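Got some structures for you, see below.
Both of the next two complexes hold chain A, though its partner changes from chain B to chain C.
Moving on to the complex of A and B:
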């Protein structure tokens, strides 16, 4: 320990000539000045996004929290009363939330894997056989351009109990609580297919030909090559789609409203549908509490996806 | 074994004939370079050997086996791509192992795979990098991984498509030597595609010169350089390129031909006898021209110095002679010439090539 010089000896040893001392000091001041102006610039550059986030994300979140901790009478003229966390607790442990959670979860399970797989299948066949044939790509991706409302009405016509083409398909019936949720999910799968298709196709087209050729020469058969080389190479796009589809599933509203209006007997009421509450059966405070639940759920699911998949997703070099 | 035979092999893409009736036999263990300008069809020829392009006509064999209809994975070849085509999501070790593990039907046991990966990594100095991903390597290291992935399977034939073009000049020179060394060590057939004549000259046992889908000449580097088969080969190989001057045969006898050009008269060693007055193109490499000692003989090419390039060890003197550009080389210690000076240049008869202007073929 004795061989460690004290600060004072080091200072004298390090600066045998007297004028050396003020120089580092001046440098330090200048560096501090630069750091200050650097961070000022950084904050300035951040300002626009801070404003946008503040107005559209942080403030609403704060209001959400405020509503969730206040009891709002359904009659607007009564003042809100602060109730602490009791309203949140009651709502999030109640059957309403559990039902919504179940329906949202099922909606996710029905739409995400099926949507991804169908999108990949379509994109792969378009990429391989129809390379360059733009019209097929246009047909496949046309659902991107059509609105949810239009697509839902088309679907509604298809499953219409009197005249629909699929009127006799029992597992597509909108009259039965279990099949109704599946039918609505299918319609969502179909509506998202265009997006999935386009994203996967674009990703496939960025996979270098030489990579696939190298894999062919190495001896991979077509199927193993797809799973061992192509899928890992396009995995960032697949992760992106998985997250987007989950978010879509958790936020699905229009198709439910148009196809079933939440029925039959609440069988297609997802969390978001309950929050939107078109028939107005819940108080503002309850809906705010449900929203908090949905917020946490979305964050957890997206976080988990990142966590699980980031180990297996490869982001180029 | 690993000989590759092209017999009238043709490749068409629609109306484009990329490879036109190739006939050449690449011997087992040979380092063969396919050399030609961009778009001449050299990659296509290589990709046909690999099985990545179908053969449109003719017969292609590897060893004694006709491979026209053999799938790429069953051909026992390895290829190094220009972009290296490493799998970005796999470690270096997995990349190298890939050809041994990919085909589940013919997969080696894991222990043997590990030994062979270690061996290949050792040969290419990659042992310390086995755990990294390709994205964490320099260009030169990636190139080595691509080579290791090729040698690990011990193929009958190595195919390489411009494997050095993504390296900087210094690394390229070094890797050139290492490739030659690797070839010597492995003793396997190498088929190497490049548009760089220096790579071809320094590495090849033999060169196939290609232009517009056709083979122009096949031969050892020195032979191709010293007696180019036609005007294309003559001008494509050599830097600065061969000087070309048109002229007419003025005398032909006893193994030598005298040609009169607008710039003067030159003599060429030529065993064939050419008819007097025939049009020819005279080709003389810059190193076969020298300043004439005697200006009175009436022989030689009269030229005017227009530019001088100093290269350190030598000079390139660029002259104009009766409308054509003529370049000649001078050692650095030779008496300097001045810009604008009128000079007479003597050509070595053995280094004076004659070509037919219409067929472009060599005459002597």
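Moving on to the complex of A and C:
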């Protein structure tokens, strides 16, 4: 109480020995802002954000439905015609969507578990009191500074079919669709190492030393200690990271455009690559239908994320 | 594989502290446990065993090899940037630089598009960070300190935008920007990002942490809403605001998908998008692309060094309680 910078002499004088001066919250709030009612002020404060969200989040959702239910020639030389849900149905049951889903799913499989495991390995290794540990921690978090695009250019030097250092390593070859998707995923794993390391390390620092020591005294070995104490304590962080990595995988684009251009033979075209369609082979209606597919997937992931977030809000209160 | 190695942890001294502490029947007090750990590791160097030094060597070996794996790609990037592309290839693409050309950075800046792209990225990032800070602070204030009809509905609308990231709305937003003639413009590059749900949540969380006594005190002092916001609420939420600014900068600077499709002229490429095109049309100038990637990452590297704490706090805001 004493270190709170009170701005009012009245308040400091009033609170300690004169509790007779209650400040009912409702009344107090009403005394703020004499010219404007609270509601009007609140709407005014929300207005800028709501305009941006309205124009660039909700209106586009409506437009996606509109494009998806209308057929428009790729060259836009004729007016769009209403086609109902047939275009959405055809697109979301077609090979394009399935391939995109498969590639995005594989991207997820390659990046999420590997990213988590490496992040834990780095964090556990760097979570000790050693001379120079700060240097290692800085190195481990350094890839936070690289964007997806930078990481992709970095990986050009490693996996590019002509100039990459590992151009002859078959399981990283960009010439084969399967290995190409894996090589592209690796660039994402590397780029996300900094983030996963930072988050897991921060979580590790919340594991109480006494708990570990008590377990050691109880005869827990290192491995049992790790799985019985460390993992449960950092599991919220791991869950958060898993969701973030899944979202990143769903939204993978730059790696593919820069490293493979979607090839070879469409083998690295993720869902977003097909939606963004840099070579312009799909109609607006098809792309909008694919976007709605991505929307549903995003909603599922965001739903899980929100579940976790609201739990945390309860903690905070 | 990730689990067993790092656990060979030298911090928790085994024998001598164990005996005394175990007298406490498995519930070691905080002071005794920590006190022992400090004494054992810092004040009694002569007692360190050969096993201790073996563990220490193992730790450094592990840390060093992990560092090599992480830094190798960066080393290759620098190597390729400074080596003359053709000489490097004819030398058999070795692990050392060939025919070093330091002027590659100057050439990239002046002759290629890099200087302009960096400038544009700075302008776009500054606009986005500033606008997000303002819009998020205002909205967060409404949610944290004001009661108004349909508050939950509005909060739901903000939460709902999490389902509508730019990747989902890309197609429709590009059409909107095209229709209002803002393809290839700063407005087009920034408009969809002037508000952010995550920022609203973060700053609201900071505002909610302000004790109600402080609000009452300001209230009694006759502070209006705006004076309370700027003189009390924002300064008291400095750590969260700082973290938000840093992650907002990271996000805005690193964007790829939106600037890629909100522009179709090289002149309007941000630095991330320019990475794809700089030097790519000519194998003799491939090093320009690698040099550009180094330059594009530099501002964030500086950020990482000077604002490490804010970055960590920002990135972990959703992950670790407190």
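Definition applied: the second predicted complex is superposed on the first by the 235 of 317 C-alpha atoms of A that agree within 3 Å, B and C clash if a C-alpha of one lies under 4 Å from a C-alpha of the other, contacts with A are read in each partner's own complex, and residues count from 1 in each chain.
We adopt the following convention: a residue touches a chain if its C-beta (ideal position, glycine included) is under 8 Å from a C-beta of that chain, and two chains touch if they have at least 3 such contacts.
This is a predicted model, so every value here is computed, not measured.
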item	value
Partner chain in contact with A:210 - chain B first, chain C second, else both or neither	both
Touching partner for A:220 - first (chain B), second (chain C), both, neither	first
Contacts of A:48 with chain B and chain C, given as first, second, both or neither	second
Partner chain in contact with A:195 - chain B first, chain C second, else both or neither	second
Touched partner set for A:232, first chain B, second chain C, both or neither	first
Which partner, chain B or chain C, touches more chain A residues	C
Intersection of the chain A residues that touch chain B with those that touch chain C	210, 213-214, 216-218, 316
Complex contacts: residues of chain B adjacent to chain A	50-52, 72-73, 77-79, 81-83, 85-89, 98-99, 102-104, 106, 133-136, 149
Residue numbers on chain A that touch chain C, as the complex places them	1, 4-8, 10-12, 14-15, 23, 25, 28-29, 31-34, 38-39, 41-43, 45-46, 48-53, 55-61, 63-64, 67, 117-118, 120-122, 124-130, 133, 136, 138-150, 152-158, 163, 165, 190, 193, 195, 198-199, 202-203, 206, 209-210, 212-214, 216-218, 222-223, 225-227, 236-237, 240-241, 250-251, 253-254, 257-258, 272, 275-276, 284, 287-288, 291, 294-295, 298-299, 302, 305-306, 309, 312, 315-316
Interface residues, chain A side, partner chain B - complex	208, 210-211, 213-221, 224, 228-229, 232-233, 235, 314, 316-317
